[in-house]
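Below, each structure is written out as structure tokens.
Look for chain A in each of the two complexes below; its partner is chain B in the first and chain C in the second.
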Partner chain A sequence: MKSILIIEDDATVAEAVSFVLERNGYETTHVETGSRASELLKKQHFCGALIDVWLGSEDGLDVLARLRADGNTLPVVIMSGGGPGHTLESVSTRADVLDACAVLFKPFTDEELLDAVNRSCPDDSCAAD
Partner chain B sequence: MSEERDITPDRKARGIALLLEQTARLVYDEKQPKALHAVQWSALRYLERAGANSRNVAGLAKYLGVTSGPASRTTASLVSRGLAEVTDSPTDSRTKIINLTEAGHAVLEHDPLNRCARIVHELDEDELSTLALALNKLHSRLSKPPVE
Partner chain C sequence: MEPLHKDILDAIDRSMIGYAIFDRNAHIVHASSSARHLLGFSAQADVIGKPWHMLDHDTEEMQALRWKEYEAFLASSKPWQGVLRWVWPDGSRRYYDCTASSCSDDEIIIVINDRTEQVLSQRRMAERDRRTSNILDRLPMGVMVQDREGAVLYINRELTESYGVTAQDVIGQKQQAVEGLRHRHHIEPLLKEVMDCPEPIIGRPLRVNAGPLKGTHWLVYVYPLTGDNGEIDRILTVEFDRTERVRLSEEKGVYQKKLYELQKIEALNRFAGGLAHELSNILHPAGVYARALKAQPDQPDREKLLERINTAVLQAGDILRQTLSMARGGTSGLQPLDLGMFLRELLSYSQDVAPTGLVYHLDAPGAGLFAMADDVELRQVMLNLLVNASDAQKATGDIFISAGRGGIPPADLDVVPSSSGPFVWIDVMDEGSGISPETRSHIFEPFFTTKKRGKGIGLGLAVVQGMVTGWGGIVSVRNSAQGGAIFRVWIPESRTAPKEKARTGQHAGMANNGDAR
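== the complex of A and B ==
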């Protein structure tokens, strides 16, 4: 089963995203911070990650930048509804520069979520044992 | 992190900052009277990329970081040029969806960013990776208040 790491500080959004992905054959793990995600990525295999830009005091794109600077090439889908200091234009630009596979503008539909995740993780061979 | 106001940038740092500013201006250096403005190009890119649920004035406003007034005016300017059209949402009659027209899709093939993107594409992998991380760092710092 393909495993997806969800980095999202809003439990309600994480739950809704997990529900859609799990109903469609994915296994999900939810963490609330970038540091917890980094720890987990060192010891566990994931096929991809969904990262929210607004992580409380943290910037989800800075989390992605740290992963890329460490050489991590995990397929990533960015989620954002905009917010202070984060126009969706700058979010999508930085996400492109950091090799994110897709950007989901909130509110997005279940179909848009699945399409982005399916396109980001098309390879069945990445599924964990 | 050192306090930004205590840093005295050297000539090279100022030169790089100026080069960034001049490079950005070069992208939209089109002199034709009917040329689209940068914000109209941004809106066209958004409409091409956004899903149906966010392809409306509120979504465009969040994308551009403006209030709904300027976003409405930008939408109207694209509609008057025949590049976009506004229709009722099939799922919610209170909501209007903004769609690109065929002409809107066609004009995006001449997006002034394309030339810059093609030149960037020709950089070697190390240059590209260094540039990406450096620009991301710069953008991230500039979009936050200065460190006091």
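== the complex of A and C ==
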């Protein structure tokens, strides 16, 4: 089963995203902060990650930037719901620079989510077991 | 010489007014004992037959001048009166009031009265005046002394240069009589005011509307000066040119207003971003669950999913209501409030509904602390702060509320109060763990919250700041020595007391969803 890491500070959004992914054959793990995500990524294999842009006091794009700086090439889909200074353009541009596979703007449809996740990790052999 | 004259002269001589008699060639015929003493000769000194004008130790030029003067006197055949400078053997200078007149065809009598002390003290005074005047001329302010009739007794350089006149043109003249000073008529009413009521005028701001100083701003001090008889005989005016300062403060006002506008736009941008983020996070799960239910209406966790959708709708509703209360512009409800009375009423009501174990303590003046605010809004502000304080200490323990006046809001706040004060303030101090510098920089931003979803949406303090800035005030926050937070609401002070019965409105039951912390 392909496993996806969800980095999202809003528990209700994380739950809704898991709801869709799990019903479509994915396994999900939810963390609320970038540092928790880094720890987990060191000891556990994931096929991809969904990162929210506004993580309370941190910026999800900064979290992705740190991962990339550490040499992590995990396929990543960015989720954004706006927020001060987070226009659609600015988020898309920066996500592109950081080699994110897709940017989803909330609220997005289940098809958009699944399509983005499938595209980011097309290789079935990636599944851990 | 007649014996009677001799007696009179001897009597005068005894009172230290000396006399001497010369012939027309200036040779001394007789010198009285006082004259000898005053001119620095001993009683035995042989001066008879010597030319008087060469008997002192002054320079030859001076003695030559003296001779010329003497010749002029002889030629005029009129009595001479003047001051004689005389140098003693020790080099000290003496000054004598002298009169010279013919006492016969070939003899001249000169009477000598010592004025050395007077002349020297006059010189010292003149020197002192010159020094004072030097200082006054270097001051960057106008100084003028006039007599009761308005004639100028003194004018310093700042004023002569301002009006394009010279001191010589002005001294002794009335203001109106000097062309340049005619433009100084803006000072006239102040002079009259001081003459009518002999109290100094301290720092009266004046704007000059005509003449070469048109458009300049001055701060004027006028002092009545009394003479020896206790009557006002002179008026001193001191004038500071404040034009540059006024211009700067006007410019500052304009920039501050522009900055304020920019802050409002920036706040609006932030608000729109925050609102978008909040609503999208609420709507997204609702959409997911609605689609799931549509695809499979009879799924097992149907009840749970419907409840999630319902919660999302209610949360969005909360945000919209608070947004509306924040958008409620206008401060038409501004009125003087008695803060002591307001707080006593508010806290007695709040204490009634507070959780057991939470105690409010109020320290506010009994009367006389007046704020200019909207009472319904102030109630909402206070309830928000009280709920926050309560949340910070898990709804138990003591919360201290105090009120006072004075001080200025800290300068490091993101927004600037539109009022320049004076301010009165209300402090709300809790026993929580305080506010970190990181949190403090965002605490008044919309949608900033440290609470879990459902507990607060991060609009409470933004609403509070919005209302208080609407009255011209501001909210600041710091940590107390004990570690808790102190929120201070700065409100412009009201100069007038509230009208009787214009009290604090009803106990408006408020929706409050305790926030940011």
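The working rule: the second predicted complex is superposed on the first by the 129 of 129 C-alpha atoms of A that agree within 3 Å, B and C clash if a C-alpha of one lies under 4 Å from a C-alpha of the other, contacts with A are read in each partner's own complex, and residues count from 1 in each chain.
Note that in this section a contact is a pair of C-beta atoms (placed from the backbone, for glycine too) under 8 Å apart; a residue touches a chain by one contact, two chains touch by 3 or more.
Predicted, not measured: the structure shown is a model, and the values here were computed from it.
The superposed arrangement places chain B and chain C next to each other on chain A without a clash. In the superposed model, A:Ala69 makes contact with chain B only, not with chain C. After overlaying the two complexes on the shared chain, residue contacts for A:Glu27 are found with neither chain B nor chain C. By the touch criterion stated above, A:Glu15 is placed in contact with chain C alone, chain B being left untouched.
In the overlay built on the shared chain, the residue A:Pro107 is in contact with chain B and with chain C. Of the two partner chains placed around the shared chain by superposition, chain B is the only one that A:Leu61 touches, whereas chain C remains out of contact. Look at A:Arg94: by the touch rule set out above, it reaches chain B but stays clear of chain C.
An angle of 60 degrees, to the nearest 10, separates chain B from chain C at the C-alpha centre of chain A in the overlay. Superposition on chain A leaves chain B and chain C with their closest Cα atoms 7 Å from each other.
Residue overlap on chain A between its contacts with chain B in one complex and with chain C in the other: 81-82, 85-86, 105-109. Those residues of chain A that touch chain B in the shared complex are 59, 61-62, 65, 68-69, 81-82, 85-90, 92-94, 97-99, 103-109, 112. If you check the complex, the residues on chain A that touch chain C are 10-13, 15-17, 19-20, 23, 54, 57, 81-86, 105-110.
Interface of chain C with chain A (complex): residues 269-270, 273-274, 276-289, 291-292, 308, 312, 438, 445, 447, 453. Chain B meets chain A in the complex at residues 42, 46, 49-54, 59, 62-65, 132-133, 135-137, 139-140, 143-144.
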